[in-house]
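In what follows, a single structure is set out as structure tokens and then discussed.
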Amino acid sequence: MPNKTLNLNDIETFLRNFAAARDWQQFHSPKNLVMALSGEAGELSELFQWLSEDQSWLKDDTETKKKVANELADILQYIVRISDLLSIDLNDALWKKLRRNEEKYPVELSKGTAKKYTEF
Amino acid sequence: MPNKTLNLNDIETFLRNFAAARDWQQFHSPKNLVMALSGEAGELSELFQWLSEDQSWLKDDTETKKKVANELADILQYIVRISDLLSIDLNDALWKKLRRNEEKYPVELSKGTAKKYTEF
Amino acid sequence: MPNKTLNLNDIETFLRNFAAARDWQQFHSPKNLVMALSGEAGELSELFQWLSEDQSWLKDDTETKKKVANELADILQYIVRISDLLSIDLNDALWKKLRRNEEKYPVELSKGTAKKYTEF
Amino acid sequence: MPNKTLNLNDIETFLRNFAAARDWQQFHSPKNLVMALSGEAGELSELFQWLSEDQSWLKDDTETKKKVANELADILQYIVRISDLLSIDLNDALWKKLRRNEEKYPVELSKGTAKKYTEF
């Protein structure tokens, strides 16, 4: 059974120690980390760019799935690192966002359409 | 005190219900969600593009910090959604990746340098 | 008839004057412009994220096509600006790249497959 | 002396023939090409992510400059390919955009500030 709770404290501590041991704090400005996240998002895109939507479910493609897991992990670590450095409460930000999406996309207006809320 | 455990079950369930209620599963192929994640990464970049590294710490800039929290939340929800749809164990992927980084970037080779491991 | 030659001199000159008149050279480090390009690439992604491949041909969707033209123009101006600031010969770089792609993707190995050249 | 006119006809023709010879038109939906462009923008980001703004001028770093030229070429070819497939007039789109930017960013409001026009 997968562990379904991400322990942000542990991840933050790991990343802090990892950077400190390598003297990498000098590179870890929020701006730089945001660029690094962009780079990883680009690598994720590359895994899917020539796949059809059907193929993108990666039914029997365990090799690509491993690579995807790897890229998601990369993006996630940058999210945690950035939020740590900027003292952003990730849980709070996430749930606020999800609640806001409920308001921005009321079921009756958004059912079956991919329109942006600004177009309602 | 911020809650430092992200409950992936709760987030996944919220996102599943959110999509189902709006009949949005039709849009949520992994490929499409990866593009949506790219879009959010782009919005995060825009918040930092004209800031110096110093400014990117957002010392007294609570307004930008809120926007950053918002974009990190957006990216995070897409990561959770994609990993849910592809049955990827995010915790496992993350910690595997972190352990691998320890091997790829040994302290003695990577100390004080931003070189990629392929250049060692 | 569309004009099929992009005059890089004119575009570079426009962009230089545009930045100079607004005292924006201070913001236009190559690093910052690369982030701005990422942001525009993200906006382009957003226009396509929920479209199927079929819909992405934008057959009768002149409104989205205008937005796409707009985003492509944004990305293009950043490419020209970055290459100007770094004294990169864009024509030369492009044709070198296209020739290299011919070598990396020989017809007999790449026919009908989206494999990357590293996987041949 | 670098050639300062990009011949879009020649580039489009090259790319059409390149795709046709490899039976790659099946992969070249606008949606897929937009993802590929995102991937290349991510690679460009990676080249700059750990550089300071000063270092990003690549003064004596011809090796990185070559890689940057290479990535700019990659992004450019996708822009040309997408505009070809969607019958977008790139020259027209670019100059319309540049003129619009003059209106959106009047010198007196934008001088010395990186604010977005929506914040004036």
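A few points about this structure:
Each chain carries a letter (A, B, C and D) given by its place in the written order, and its residues are counted from 1.
Just so it is clear, a contact is a pair of C-beta atoms (placed from the backbone, for glycine too) under 8 Å apart; a residue touches a chain by one contact, two chains touch by 3 or more.
Keep in mind that this is a model prediction, so the values were computed, not measured.
Simply put, chain B must spin 180° to overlay its Cα atoms on chain C, rounded in steps of 5.
The interface holding more C-beta pairs in contact, when C-D is weighed against A-D, is C-D.
A separation of 25 Å divides the Cα centre of chain A from that of chain D.
Mean C-alpha positions place chain C and chain D at a centre distance of 2 Å. Listed for chain C are residues 27, 31-32, 34-35, 38, 41-42, 45, 48, 50, 52-53, 114, each touching two or more other chains.
Interface residues of chain B facing chain A in the complex, by the touch rule stated above, are 2-9, 11, 14-15, 18, 21-24, 26-27, 29-32, 34-35, 37-38, 41-42, 44-45, 47-48, 51-54, 56-58, 65, 68-70, 72-77, 79, 82-83, 85-86, 88-94, 96-98, 101-102, 105, 107, 110-112, 114.
Remark: chain C residues 27, 32, 35-36, 38-43, 45-46, 48-50 touch chain B in the complex. Interface residues of chain D facing chain B in the complex, by the touch rule stated above, are 31, 34-35, 38, 50, 52-53, 114.
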